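Report on the following structure.
Chain lettering (A, B, C and D) follows the sequence in which the chains are written, and residue indices restart at 1 in each chain.
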């Protein structure tokens, strides 16, 4: 069970640390185009291993991914002052154009987990390139709204006084501003949210909903303002997803993947509940939504499609 | 975090092993009225500790529960040839009449987890006695249908090709023949079961439902026929419940507890979804059921009430 | 990561439960010549899975071990009244003669972990048969004195008031009466035992040593007297060993294996510290012993050799 | 089990994340004099919780540590351009003079774990202040050379092809340049290093020793050069130490604490193997060293003493 992590900034390195600590995989290879950075993280994580289960860790280059069953991609560049969103996207797309074929060549049996933002576009690009390089599309998975779903569950749990483990709630669509919190299907321990709230005397009013919505949707901004980047939540999401792949768990997670059609919008990558196993995404579930949620998901799909089209037009 | 286990037969000993291996609690005290049995289990578990996290384990008597924050009660006797169910119940009730006051005296701050069968009646008895001894009723929790819920989720998961972790399904009522599988609220990764099955091309017909129903309801019988007793599933349920108490998790589990009224039936102990934390059961959720399920839950409550009344009449 | 467990009595079933709970492996296949027993254990363990990580569990026959990377063998028969030790051994040898070739055929890439007693003889037999069937000898490992080592560490830890995790002590030789507690190399957190005891004011006298020696050597007898069999400690040992193989950990454990020579005794299977990884036993460490320990290890080797010779003569 | 983390820079925040993920403790309170930073980390960690066990996380101020059983202190300032080491030390000492009494007042039953550098001096200062505020000295523990010990084990493991888990090696003295790698007592699975190396054909020459020594002693510098700070290793060390306290494990770790005398040097704080339990440091082990190691430890103690004296003189 060899795992590669490509791009060992905050996200990639914290994911590698979490994978090591939770003993998912037996061998970790860290790759970054700043090799000294990957090496430093590798050393720091190595020093954590005696406190956990034995795992082998080293840094290397793409060729060292040979034989990996899973490759996490968190490589990316940051927006420069004055740079447009499209320009940034093009730079990240250029990175993927170079990286993904090399990864597929080195690890042709791997499942790829994409974490780089803008998540859905990068997943779309990665899937196109990987498919061209011979990988089935189902082996490219974006972390998508897994983190947003975790935020939704955690915040609802806090508001309701319930462990997030017992809060079943999902965020779909774009990993970004247009994402859709599926309020209509929230359940707490088997009970629909409205019934739960009524019975517990909790006012499920617009204020509470808006606070949770804001907390989920603006979480990244708030965290980035406070600490410059977000990485603990996403690292745990990557680790859960990696586990699901390597242990063929067939868990359902809200992951991003290329869909031929979503709410009438063709060929777009975004998050729907997906079944994750040894071969990647082995099935997508069609969510049950109310009219407003359908519309919001369609809007979200359109937003992503526009970005893809803008990018393609600029190419 | 001191935990006592009273009654170290198959269930109590396997629960103690699981608690030790998962490092829930830091000190385990095993008590059985066959002290040699408790001691032998204590030794066997002690030899597993070097492969896990450090935990202290010893056997002792009820007085050694002093200071325990949690006491698991799995003490009981088995049906003798020709013995009626009521006679058996009376013998177990006699055991609890002696045990519970001693436990409460030794560990007045503990939460009690009851595993002895017939589970709901024994939880009812334990609650009455514990309350008389000064413990709040909310600190007495029966494992109830936690195991049945796990069976429901595991079997559905197998049939649907999904990790049980992503199957949200609940069994309520009696831990026994009259239990209620709440099919109407089953969700798979946020999707109602019917929609899920339709989309995945799985025929949710009576045959499948009957197979699952039979698998859940008859599991104990089948296992007992094959191996004489059931203990792995219940030991894991006890461990999860113990974790929820000791770590104040506020998870929702289908536990048995004394309710003043269920579906019109007064003063009966049975399983509903409950919120579990440091002080035991800190809230009960009112399930949303269809008409047939309401009726079945009422029947289940009646069955339990009749047993309680028969027992009280015979006392 | 598919694991087979052949022989699902107390030891095999508890090992399977522990493997599932600690999420070592992703697929477990239980095999017993009493299929109803294997099936009942499989069901019971399945019901524990929703409280842990997703693992697939089923019962089957030897052919279902196809593709397993690891097979635990805990199949065996018990001594009949009046039966000699040799006669019992012959019956277990007969079982292995039938079983091992089938296992190797079904899972030619597996590492075999042997737990059946008399452990060292059964490991010897299994190795011979497996080698004849084409498996390298290094892929057959007996749990050996792993359990005895755990007992030594746990008991010393209790006597010294130290976590067994920080007690470094080893038992070598036969998993049985002639085993050798290597007192001369016991270290506590890097400090030789004698220095540790002197500094802490603990009298390391013959009484304490005899108590620990007795506790280690007679543990199985005491536990069997109290509960009929031992299984929690050995199940955790099997799980640790399985982890070391599947995750290529290269941990050192005192395992039984066939050695060309031990203390001048030729071709004998017994426990020495061994390095465990993906390919089984990848190296054996030569222990540093004092004269008495050398002699005791030689005696232990002779005892085992005699049993092997007696068995071969009777064949 | 409430844990406070004071100072949520790289080290404190990664420790909090690790504590949450490994479910040590049930409640985490993050405190930093940049409240927005503590809050952002709290949010990020909260989003990881749904992938792990339920833990409560929030940020707050020192008063919110009320009732904590453990407080991790990783608050500190960084060297300014042109600032002398002594001047830096004085600034950190000033921070502790303000912080520690407030922590002791808020959480009078807590054990304090100190991680701020220069570690041994800061532990010395913290102990003095805490004792003045009424805490027993044994309740103040510096992480000391726990990290260096982990580095020693990890590097030796890599060089020897053995899991670090089976490498028993210790670093004592200063957490810093004068630290002492105790080569004389290194054992691999019970075998002295020299015997192990000889038997495995590994040349234990000066080159290998120097490489390991350099790797351990210069690890922090190398990592800081590559990534700006070290935090994964130390976060895991803090988590292991926290576990040992909260679960009363009585593990042996090389922690820093105030000793009345070390190698003839009076009243100095540095690392020796210590027994860690619910009340903090419950015993210190006297290491067995060769002459060179004794001398090196004495030098290390002198170095620390000089820093303490310089600081006291400047006060």
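Just so we're on the same page, contacts are C-beta pairs under 8 Å (C-beta built on N, C-alpha and C of every residue); 3 or more make two chains touch, one makes a residue touch a chain.
Protein identities per chain, from UniProt: A, B, C, D = L-lactate dehydrogenase.
What you see is a predicted model; the values in this text were computed from it and never measured.
*Asks:* Shared numbers divided by all numbers used: is that above or below half for subunit C (L-lactate dehydrogenase) and subunit D (L-lactate dehydrogenase), i.e. same or different?
*Replies:* same
*Asks:* Distance-wise, how many Å sit between the C-alpha centres of subunit A (L-lactate dehydrogenase) and subunit C (L-lactate dehydrogenase), to the nearest whole number?
*Replies:* Chain centroid spacing, subunit A (L-lactate dehydrogenase) to subunit C (L-lactate dehydrogenase), equals 42 Å.
*Asks:* Distance from the CA centroid of subunit A (L-lactate dehydrogenase) to that of subunit B (L-lactate dehydrogenase), rounded to the nearest Å?
*Replies:* About 37 Å, centre to centre.
*Asks:* Among the residues of subunit C (L-lactate dehydrogenase), which ones contact at least 2 other chains?
*Replies:* Only 53-54, 163, 165, 244, 249-251 qualify.
*Asks:* Would you identify the shape of the chain contact graph, picking one of line, ring, star, complete or other?
*Replies:* Topology of touching chains reads as complete, every chain touching all others.
*Asks:* In the complex formed with subunit A (L-lactate dehydrogenase), which residues of subunit B (L-lactate dehydrogenase) make contact?
*Replies:* Interface residues on subunit B (L-lactate dehydrogenase), with respect to subunit A (L-lactate dehydrogenase): 157, 161-163, 165-166, 168-170, 182, 185, 187-192, 195-196, 199-200, 244, 249-253, 273, 275, 283, 285-288.
*Asks:* Over in the complex, which subunit B (L-lactate dehydrogenase) residues touch subunit C (L-lactate dehydrogenase)? Could you list them?
*Replies:* Per the touch definition, subunit B (L-lactate dehydrogenase) meets subunit C (L-lactate dehydrogenase) at residues 13-14, 17-18, 21-22, 36-37, 39-41, 43-54, 147, 149-151, 153-154, 157-158, 163-165, 219, 222-227, 230-233, 235-237, 239-240.
*Asks:* Please output the residues of subunit A (L-lactate dehydrogenase) touching subunit C (L-lactate dehydrogenase) within their complex, sorted ascending.
*Replies:* Contact set of subunit A (L-lactate dehydrogenase) toward subunit C (L-lactate dehydrogenase): 1, 23, 26-27, 53-56, 243-244, 246-251.
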